[in-house]
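In the two assemblies presented below, subunit A is common to both, partnered first by subunit B and then by subunit C.
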Partner chain A sequence: MSASDFLAIAPLLVLAAGATAVMLQIAFMRSVPVTAILSMVALLLAALSCVSAAAITPLQVGALLSADQFSLLFTALFCVAGAVTCGLSLDYIRHHGDEPEEYFLLIVLATLGAGVLAYANHLASLLLGLELLSVSLYALIAYPNRSLLPLEAASKYLVLSGAASATLLFGFALLYAGTGTLAFAELGEKLGQAEMGTGLLMAGSAMIFAGLAFKLSLVPFHLWTPDVYDGAPAPISGFLASVGKAAVFVALLRLFLEADLFRYYKLVQLTGLTAILSMLAGNLLALLQTNIKRMLAYSSIAHLGYLLMVFMICLDTGSRALAVEAAMFYLIAYTATTIAAFGLLTLINESQVEREQVQLQQVSGLFWRQPLLAGLMLVALLSLAGIPLTAGFIGKFYLFTAAVSGGNWVLLAALILGSAIGIYYYLRVVFYMTRGADEHKHTVTLSPGWSGSALSCLLIASILVLGIVPQTLMAYLRSIL
Partner chain B sequence: MMLQLILLLLVAGVVAWQAERFSSTLPRWVTVVAVLLALLMLIANLGGIPAERFTLVSYPGEPQGWLMYSQHAWIPRFGISLEFGMDGLSLLLLLLTLGLGLVAVVSSWDEIEFKPGLFQANLLWTLAGVAGVFLALDLFLFFLFWEVMLIPMYLLIAIWGHEKRAYAAMKFFIFTQVSGLLMLLSIVVLAFQGAGEDGISFSYSDLLASAPTGRAGMLTMLGFFIAFTVKLPGFPFHTWLPDAHTQAPTAGSVLLAGILLKTGAYGLLRFCIPLFPEASMQFAPVAMGLGVLGIVYGAILAFAQSDFKRLVAYSSVSHMGFVLLGLYAWNSLALQGAIMQMVAHGVSTAALFMMAGALQHRLHTRDMFRMGGLWQQAPRMGACAMFFAVASLGLPGMGNFVAEFLVLAGLFAVSPWMTAAAALGLITAAVYSLWMMQQAFQGRPDNNREMADFGVREMSAMLVMMAVLLGLGLYPQPLFDLTQPVLEGLLPRMSEPMSALPRLLSEVSP
Partner chain C sequence: MIVVLFYIAAVIALAATVAALTRTNATHALIYLIVSLLAVAVMFFLMGAPFAAALEVVIYAGAIMVLFVFVIMMLNLGAAGEARERQWLAGRSWFVPGSMAALLLLEMLLVLGDAHGVTSGTAVSPKVVGMTLFGPYLLAVEIASMLLLSGLVGAYHLGRRFIVRRGDH
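Our next item is the complex of A and B:
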């Protein structure tokens, strides 16, 4: 490997080194602030190294990793998201008793897994990244090890995730049996030449899609989602919903693009069907929730459904570039918004002594008790609902534009219907927050820690900036395609 | 100037919000000063425009045709820019917006005790959104203002509304938002339809040149039509309106009825019909049929109400039916009538909602069966209510009469049958307006009731609105002069397809 190879994968190396450093530091000296700062520094350094690596891309590093603008952009995004999650967790961890240092180590490792997924253009690296991410997440979900709910959530995720990985591996094996290769680009060539057994190859691709759809919690593979989100610590739910899904989505998109799985028309139609089901089921089920974390869990199913539209749009080669651009913007907007929403839930939680569960009743009158927190939450919810001036709206507008350009009217109808339902439950939270001050009973309030508040403000500011002046990011995304 | 005007209102909102920290009466003064400043700014800038420009026919799609025009790049990736333009029509509606903004503040002068700063802020932000709607020429920007004005309005209803505010606010938001998404879809389709070498564009002038025809045109047009008719509101999309109007605080009702409904009519006139001349022509019989149904159905329901505010709300449905009719009749007379109706209805309904708010503030009820004989206890209120009730039923001498007369006169040339059916609205309006007067203000007064009459502040607002309605009714020519160039620019665009309209209507009529 040459020096430029190392430079190209510097973000991953920095993350790995950072994880090692944190591990050593914990071995010698237990101190939450030091660990947290060390992890955040490692994550931010990794994000910075993406910038320096950008100069020498695109570059294939070994057989497994492909360093291009696309992978670097998302690695940087995941690193920043990881750092923000660390910051938001500080408040949470502060109240959580013994030996929480490894929590930060696990976040760094999970981010490393997400980074590998962004780089992966080989089925082996895809699996590596995926497992690194998932295994770290099992532990993170179960971190508050004294209570039952997180344990239940983690074991549920572990078992179902294991089944999904097995399906995924079986799919890999079928593809390998048919083509004799695991690299995305080569797969694309071989699949085109394969004369026999297209049924087998299609089944393999479908199994890979099913395995990844589980991680993306798309309907009908979504059953684990609400319980896991509900049980996990709120910052981790945010991380899982944003980075955990965005990384898998990025890998799936790259697999479809480079191996040109769009040749299997039926498979792509299946993704379209999954998208529609996710949009409708996710939104409908979210309607029934009174627990905000569960509501956000179902709404994340719907959001992934919106994103998955992109695959159907890609069928039209003329709109493919626009569709990928739309997916990238939506992913960035969605990541920022989701982390912000869950981060704010953490802060609301912390200020009310009770943990993990945030019922609608609990945010009643929040506007008058903690105006800043409620204002930030309002923006996050509006962004999730796709109201103008927020990043979420521009993302949705992008999807609209791409779908119109591809002529996918059925998907558009589902998108509109889904958004309509979505508005109801997002606004219901807003309504509860604006209820009169005398209508709520929870008077015990602690002021949230400054780090959490500051980070939330930053996130909300970025959502608004992306929503009001999106041109810079748009131009950049267009330039890297 | 136009961008500055919107920014002024937005920033004033923040100031009013924070002013609450110092005094609970300061915010409303901030609002008054801000709206007056905006009016001054508008008038000062109008002074700079040579008088002959106001009579020049302005063809849409030509920047020099606007009285004021400005454009700044915003999102070049999709050909979106901050493009604002003002012609006679926008100017008229902008004046109405700012004027009724003042009325809204006055009407809720001491009604709001809970968070008065945030209340005034939402009021100002709604005004800013509406002003943006009337000025935006880029359709993406138009959609943005269309949606953004909803949020402060939602908060006004959800926080300061009456007993069923959650339901009403939610219904209002969902109706408008969903229909808005349909419009966004249509806007994007339209932009792609006209996509040229240098990508897509959302500019009004570019889109005018590339109207889709046939089935695609019809479907795209429907996206706009539904969004605007929900806001108007036209039958059968009106069901959000009685709830929202009834539950909103007084100032919210004034804004809703006075201005927000007019954005729907404005959208139809500015965008929906000119962008799709052919599809609109084919659709005109249906739209006019909905207009007639709205007039009759709204009137019948208004008569069936016992809630003062609900009655006025349903009467809005009835009156806005005339606007729909006038717009789709698409000739100079009917269009002038529709525009006149927008202004006159805005003022008269705002006054009636102010009256309803004042009654509720004093009596703590909106139920007309629990009123009665109020004229004796509050003669000034009774006189005002009488004035606006007869204005709204279309007594000659008031703006409303001119408006409805012109719509009917213009419509007669197109479809005598529709005219006959719509004229029923004039009779029914008399029935429910007078019934309302009878129930609330006449009859035997309840002697145990103590009631304060209108004070100087309320009376002056009422007198100004009376003067406006009388002015419009007795000397409407200035308004016609202001909007005539706009209509002359729009009419030829449609003259060819619309010339087939009477024939089309005679086929569907009995």
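Our next item is the complex of A and C:
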């Protein structure tokens, strides 16, 4: 490997070195603040090193990783999201688990897995990144060791995720049997001239899609989602819903684009069907929830449904660039928004040891008690609902434009219907928050520390900036395609 | 001829896996699982991947054997246990997996003689595997080491909750 190879994968190297440093620090001296700061510094350094790596891209590193603007952008996003998750968890995890140091180590490792997924252009690195992300998440979900709910959530995720990985591997094996290669670009070349029947290759691609759709919790692979999100610690639910899904989506998008799986028309139609089902089922089920965490879990199913529309739109080669651009913008907006929404739940649950307070009644009157936290939740919910002046609106508008340019009217109808249902249940939370505090007895005593307040302001600002002045990011996204 | 052997091993693997899934006695199921893994190892060998075959035996069949030992440890031993063991050794329960394993051994002995007979046409030696793993796929090895670190840290933390130390309740 040459020096430029090392520079190109510098973010991954920094993360790996950071994980090792944090591990050694924990081994010699246990201290929560030191571990948290070291982890955050490693994550932010990794994000910064993406900037210097951008100068020498695009570059293929070894057989496994492809360093280009696309992978660097998302690695930086995941690193920042990981750092924000660390910051939000600082007070939370002290109350929820003894020996909380390894928590931060696992977040760094999970972010490394997400980074590998963003870089992967080979089925082997795709699998390794996915497993690194998932294995770290199993432990993170089960981390609080004073209650059984997280353990139950982690067991469910472990078993179902294992089945999904097996499906994925079977798909890889079928593709390899047909083409003799695992690299995305070569797959694309050889799929066209494969000797094996296209039926088997298509079955392989469909199995890969099914395995990844499980991780993205798309309908009909979504059954685990509410239980896992409900049981997991709130900051980890946020990390799982944002980074965990965005990384898998990025890898899936790259696989479809580079291996040109759009050649299998029926497979792409299958993604369209999954998208419609996810949008409708996710939103309808979210409507029935009174538990905010479960509501956000179902809403994340719906949001991944919106994103998945992109694959159908990509069938039309004319609007492919616009569709990918829309997906990238939506992923960035969705990551910021989801972390903000779960961040609020983290901050109001810092001192609740037994069971997390997430019922609708428990946020009633939040505006009068904690205006800053309520403001964070308000901005996050409006962004999820797609109200103008927030990042979510621009993201949805982008998808809308792409769908119109691709002429996918059925998908468009599902998007509009899903969003309409969504507005109702998002605004219901806002309605509860504006109630008078004296109407309810379930008042939670809150006192977010300075780090919680600072991160809340940062998240509110990033969602609003993306919503009000998105031109810079849009121009950048257009330039890297 | 070698292809026939391959399909025999494949049939044994399938039959043993089905048997492993349908046995109601956990120990019997484990024995079938081991036979199934051995059959897959023979298939790897016949396809020209002796290194993968060896790993399959060492890691999978070996690990399953350890699991087996744990099962024995957790069973209540004593007079009832001895009676049960006598029952296990009686005829039927070991004859089928035993003959499957014997058949696999016979296949191995047949193939060991001619080194050129592989179904895929090329044999992959352990040296080639090592060269590939630590050449173009070096980064994969490094990422896998991080994966192991994550599994280790997770297992340590989750295992801790079951350890009651002095001073704790």
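As a working rule, the second predicted complex is superposed on the first by the 469 of 481 C-alpha atoms of A that agree within 3 Å, B and C clash if a C-alpha of one lies under 4 Å from a C-alpha of the other, contacts with A are read in each partner's own complex, and residues count from 1 in each chain.
In this section, a residue touches a chain if its C-beta (ideal position, glycine included) is under 8 Å from a C-beta of that chain, and two chains touch if they have at least 3 such contacts.
Only a predicted model underlies this, so the values are computations on that prediction, with no experimental measurement involved.
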Touching partner for A:Met474 - first (subunit B), second (subunit C), both, neither: first
First, second, both or neither for A:Ala454, with subunit B first and subunit C second: neither
Touched partner set for A:Leu65, first subunit B, second subunit C, both or neither: second
Which superposed partner A:Ser136 touches (first subunit B, second subunit C, both, neither): second
Which superposed partner A:Ser405 touches (first subunit B, second subunit C, both, neither): first
Partner chain(s) touched by A:Leu112 [first = subunit B, second = subunit C, both, neither]: second
Touched partner set for A:Leu427, first subunit B, second subunit C, both or neither: first
Residues on subunit C engaged by subunit A in the complex (per definition of touch): 136-140, 142-144, 146-147, 149-151, 153-158, 160-161
Subunit B - residues contacting subunit A, complex: 74-78, 114-115, 143-144, 147-148, 151, 154-155, 158-159, 166, 169-170, 173-174, 177-178, 181-182, 184-185, 188-189, 192
Interfacial residue positions of subunit A with respect to subunit C in the complex: 1, 9, 16, 19, 23, 61-65, 99, 102, 105-106, 109-110, 112-113, 116, 124-125, 128-129, 131-132, 135-136, 138-139, 142-143, 145
Interfacial residue positions of subunit A with respect to subunit B in the complex: 368, 382, 387-389, 397, 400-401, 404-405, 412, 416, 419-420, 423-424, 427-428, 430-431, 434, 436, 469-471, 474-475, 478
